[in-house]
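Dropping the structure in here first, questions after.
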Amino acid sequence: MALLALEGIEAAYGASQALFGVDLALGAGEVVALMGRNGMGKTTTIRVACGMMPARAGRVTFEGRDITRWPAHRVARLGVGLVPEGRRCFAPLTVEENLLAAARPGPWDRASVAELFPRLAERRDQRAASLSGGEQQMLAIGRALMTNPRLLILDEATEGLAPVVRQEIWRAIARLKAETGLALLVVDKSLKELARVADRAVILERGRTVWQGGMADLGRDVTDRYLGV
Amino acid sequence: SDLKVGFLSTLSGGGAGLGVDIRDGFLLALGEAGADDVEVVVEDTQRKPEVAVQVADEFIQREEVDVLTGIVFSNIALAVVPSAVNQGKFYISPNAGPSQLAGRGCHENYFNVAWQNDAMHEAAGAHANDAGYESAFIMAPNYPAGQDGLTGFKRFYEGEVVSEVYTRLGQTDYAAEIAQIRASDADVAYFFLPGGMGISFLKQYADAGVDIPLIGPGFSFDQTILPAVGDAAAGVRNTSEWSPDLDTAANAAFVESFRAAYDRTPSMYAAQGYDAAQLLLSAMETADVSDADAFREALRAAEFESVRGAFRFAANQHPIQDIYVREVVERDGVWTNVVVGPSLQDHSDVYGADCDL
Amino acid sequence: MTTILFIEQVLNGLQFGVMLFLMAAGLTLVFGVMGLINLAHGALYMVGAFAAASVAAATGSFLLGLIASLAAAAMAGAIVEIVVIRRLYRRDHLDQVLATFALILIFSEGTRWLFGSFPLYLDIPEALSGPVTLPGGIDYPLYRLFIIAVGLAVAGFLFWLIARTRLGIRIRAGEADREMIAALGVDISKLYTLVFALGAALAGMAGALVGAIQSVEVGMGEPVLILAFVTIIIGGIGSIKGAFVGALLVGLIDTLGRTLLPIAFGTVMEASAATTVGSALASMLIYILMAGVLIARPQGLFGAAA
Amino acid sequence: MRRETIINAGLAAGLLAIPLWAHVTGEIFTITLATRVAILALAAVGLNLALGLGGLVSFGHAAYFGLGGYAMGILAFHAQTYDPIFTWPFVFEGTKQMLVIWAVALVASGLAAALIGMLTLHTSGAYFIMATLAFGQMFYYLFVSWPKYGGEDGMAIYVRNDFPGLNTLDPIQLFVICYALLMAGLFVSWRIARSPFGLALQAARQNAERVETVGIRPFRIRLAAFVISGMITGLAGALMADLNRFVGPTMFSWHTSGEIMVLVILGGVARLYGPVAGAALFVLLEHWLGGVSDYWLAFVGALLLLVVLFARGGLIGSLAGREVAHD
Amino acid sequence: MTEPVLEIRKLSKSFGALRASRDINLTLLPGEIHALIGPNGAGKSTLIKQIAGNMAPDAGEIRFLGRDVTALDTVGRARMGLGRSFQISSVIAEFTVLQNVVLALQGARGTSYHLFRAVLKDREMTATARAAAGRVGLDDRLAVRAQDLSHGERRKLEIAMALALAPRAFLLDEPMAGMGAEGAAEMTRLLDRLRHEAPILLVEHDMDAVFSLADRISVLDYGEIIASGTVEEIRADPVVRRAYLGDDAEAI
């Protein structure tokens, strides 16, 4: 049984429809890359999956349970952690408070996050608003980890990070996958790195799933056609 | 109907209690007289002069009333009355008698059945003399009625005013003023704080344990207020032209029927509303309102039995009447006033001299 | 003015400040934490006072009245939050202002309909009435000392709640980004209802406590509201500490201004004019203070820069 | 034509036609009501400029309304008593000329708006709301305790002021004056909304930092808008004083600010004719409900609540559709 | 040697104990793209903010077009022709793409106090705005509100607004962020053309873009410029490789 599955999802912002039929399935411990050009609906898909936005049609299930109409906080409590597009750290709170706000029991705590991002530990009492862009990105990842998720959703989580840090994160992701069986749904622009960690890919085009398959099967023709690389 | 009355008063929000009492007293008198030839339209002014002006316009322009009445507060009366009487309407004031309308601004169509604003303050000054208080601390909110009030007190008071303090209109905490009173060592403290301000002050004064006696005008010791003040006002002397226990036949009947009709003790405002209606009814007996001059004469004659006893109009059409000293007591579980004695007899205001009626 | 009177007035000023804080505490909480500008705070204050007065009258117990005030205001707050306020978090301040302005009208007239147009009776409990003598020979009402103690306790409690507890952190996080805190698994709606009810309960309690030495009547909450706003502006937005210091400053300046200005003017002009002019100026003093703070520190004394 | 345009035209025509008809049938009070609608609408047009376009939620517009009113009151008072307002540096006499009164009202409210704006516009959000409210209250206390001009009693001006060539005592002629000024106010706000200034103002509402990086100072833009807004409301205050032949400090009270704001919301924020629709509705409600029950304000509150919660575009919004036009 | 368009001399800025800029010297010459790279929190955005005028330096001098602008505020510098984009998209959410660009235009032209002219009826103005939007590929999104744009499109709008200002120098803070592979490639081509209009000071973590575009690279670490040179020099610098580039040194 899939951990998270989306079937025929349609969704709209007011009058303008953004998703026209998205299908996606993700097994326990699996890493799936969600791909597509700008504005094709990746973020919208994630918002629907997390309960932050209602689906107009279609079904979202988690371990077989229908969670289509669940509010975001209940979905999160099932073990879905989100690193949202644009970071969205709690600006007036300190780094420490940002982490505490999200904390739920499990192996990830302030100490282990500090180990992953030593930078954050240095800036512990600084307000998130005055962090550098990259530091905020680290904080957003750390905050999602603090909820000790089973499924971690990363929407452009490496945007704005220095190459070494980015590489560090990808290595960490690979390790998490291997060691803890954490499942991941990843949106990222770097094909090269996705290819290294992802098991499968789902490609969106104008709000529809147009291709899915193993990462290894993702040929030149597909990427040219849908990703314009 | 023979007479149409536009009754405009403060019936909602703060101060609504006073308007409601005037209205109830007024309607009670009409009801008792079975006056089905009088039509009354009632509207709320929300204690806002602008709204009152609007309502008055409506009464005059659309309802075409003959007489207006009902206003509680001086500032609203000042906004409404001049233009109404200039348009040929009668105005009977059941409360509020600003000096402007008693003196140079008096008008043949304006009648006041309550009092000129200064009356109770003047009576309080006189009472302070009688009681032998040689120095006084006096206090009022910083607005025209407050300033007039203290002037009125000083007009009659012969002792020394050790301190004169103006508080903010609507002030709720009087700790600072109470400390000043305590430090003043005066023989008496005279205060004029109408409505909720008086309630707050009295409670806080009682709690502070200052032993300087208080006196005040009847407004702060009215039946609309006393139940909320409770024993904090016990024994305080105050001045008014009326009291529920005033010993006249008309008054006893009025108090009884008001209690029967509304299940509460009437206030001074209710009594004034009642008298306003009686005045109108008395005039209707001898004249028709369509003949304005005759009707005016009939009003001036004031041929009715006022609940406060002897009542007549001075030349400026404000009352000549007795003002009493009352004391706050608990009677049958209700805090109320009893008359201690007269303070001023056949009193009329000083502004009449400027009035050329 | 004697030194002892001056000291007494300073004490009065501080006391008035603490009382202001007590009246504004719920407002500060809801405002600082939820970013919600609640004009109906004064109405909840009134609800508390009326509940206390009627229950105290029926049972003869001030304590029961106080409990009733907490309960009634908290309940009114929770209902208001669920029915009205909840729909307004995503909206701008304008909608919040209007909706709560509408609530004032409804509460005021509703209370008048239930309790009539006349003020109610609510008195200080026997055990707390009368003055005590402080060192230095100042006679001071015990009840006012009691109010100071309650005000301090409330300030401490709020500060602890907001700055130190996980609940406080989450509420503040929700204020910054509601959707995001929900995506982290926090049921922010429930939290907000709770906070709003707590704020309302504080308002109600203040209404009952302060109502015992003031007039319990419809509209009693309005002067409180304006003063509380001035306090918050001076102290700084969203800061409990700011609100507390702001309240003390306002209380002190207002009280001392009221007593000292007429005296000061009396030295240069005729007595009667001095008192009127002095009092008029005194009534504007706190606004002048506010203007000064806005010029020097637009974010308030303790507010964080935007 | 867009639906909103049709509704606007209907409102403008209706507000003119009803009093004219009432004039013919002799229903004087209807004319008075219509005049009141026009004046309140003008006050709200002023606020709508700051509030709707600039997002400046001023809870202190009563200050300008009151200053306009007192400009009329003080000038007329001095004209009645024949003593000049001041004699230094030049002699300034009272007057009963509406045109002069309006000019003074515009200048006085404009200056006050500039001053308050300079103090408050550095703040934003709820802070701004509270600060403007508090400053409005400051004016209230000032005029309550200033004995020269009546203090709390206010001032009754027994005779209406003059307008060249018209008889202002005739209700319909007074109405025409107010209506003309309302139309002028609407024209000004219509042009401003579409102007570069309007664009910058709306942008500053949403993202002030961004506006700075394109070389525009949001503070100045806002201040200018705030001053224009205050002036329009001030003018309305002068007219209201003339209609009532009375000015008093309640014009400054925060309830007045709230009411002007309610007008804007009832009609529809940032809609050109929102203030007109709002004022008409409000006056009708006040008139009808006032007689229904002692507790009628509760009904007004409930209605307002419903509008805020469920009819976000106000009256115009519900009739013409949600979207504010972006043409 | 040509006059630098922008010159920074001994600029310093601290936040408490943290020294975000230490004695920074930097120039931007006509026609060049000067890339500024460095680890997260090194102080790049802080430097950009100081140059743009959002933040006052503690010490040092900023010269723009030969003039000392240290005391000038953001608006003044923008008027002189300093075009800036933000690291986190910052546009006018409720405005359409066209309105956003027009706003930038009127800012550049100082026509914002015209009260009575219909702004969108000004043909010349809208045409210029359209052209600017067209250059970043937003021509078919002109009537869409900025809040309805996807993340990547919003980044493009940022650039279009900077373009509309017809600046004398660009300050671009991570313009590639969130662009997607295709978008990044497009943006790279655009910047390559832009440099001929005005030189660019570019902060970017996308090394493909930096290496293909930059004429010069300066590396910032802990608020200090630790290296400065051509693409080849920087790629070869072992310190930079360790502190910042990692595997990306091999990019392209």
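Order as written gives the chain letters A, B, C, D and E; numbering starts at 1 within each chain.
The rule is simple: contacts are C-beta pairs under 8 Å (C-beta built on N, C-alpha and C of every residue); 3 or more make two chains touch, one makes a residue touch a chain.
Values in this document were obtained by computation on a predicted structure and should not be read as measured data.
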Intersection of contact partners for chain A and chain E: none
Smallest number of contact steps required from chain C to reach chain E: 2
Most widely separated chain from chain D, with each centre as the mean of CA atoms: A
Interchain centroid distance [CA atoms averaged], chain A/chain C, Å: 45
Separation of mean Cα positions, chain D and chain C [Å, integer]: 31
Inter-chain centre distance, chain A versus chain B - centres from mean C-alpha coordinates, in Å: 74
Multi-partner residues of chain E (at least 2 other chains): none
In chain D, residues with contacts to at least two other chains: 141, 145, 147, 294-297
Residue list for chain A, restricted to those that touch at least two other chains: none
Interchain pairs in contact, sorted by label: A-C, A-E, B-C, B-D, C-D, D-E
Chain A partner contacts - residues on chain E that touch it in the complex: 15, 37-46, 87-89, 148-153, 174, 177-185, 205, 207, 243-248
Touch list for chain D against partner chain C, complex: 51, 55, 57, 59, 119-120, 122-127, 129-131, 133-135, 137-138, 141-142, 145-147, 254, 258, 261-262, 265, 269, 294-298, 300-302, 304-305, 308-309, 312
List of chain A residues in touch with chain C within their complex: 50-52, 71-73, 76-77, 81-82, 84, 88, 90-93, 97-98, 100-104, 127, 143-144, 147
Complex interface listing, chain C residues touching chain D: 31, 35, 37, 84, 87-88, 92-95, 97-99, 101-106, 108-110, 112-113, 226, 229-230, 232-233, 237, 276, 279-280, 283-284, 287, 290-291, 294-295, 298-300, 306
Of all residues in chain E, those that touch chain D in their complex: 52, 54, 74-75, 78-79, 84, 86, 90-96, 99, 102-104, 106-108, 110-121, 161, 164-165
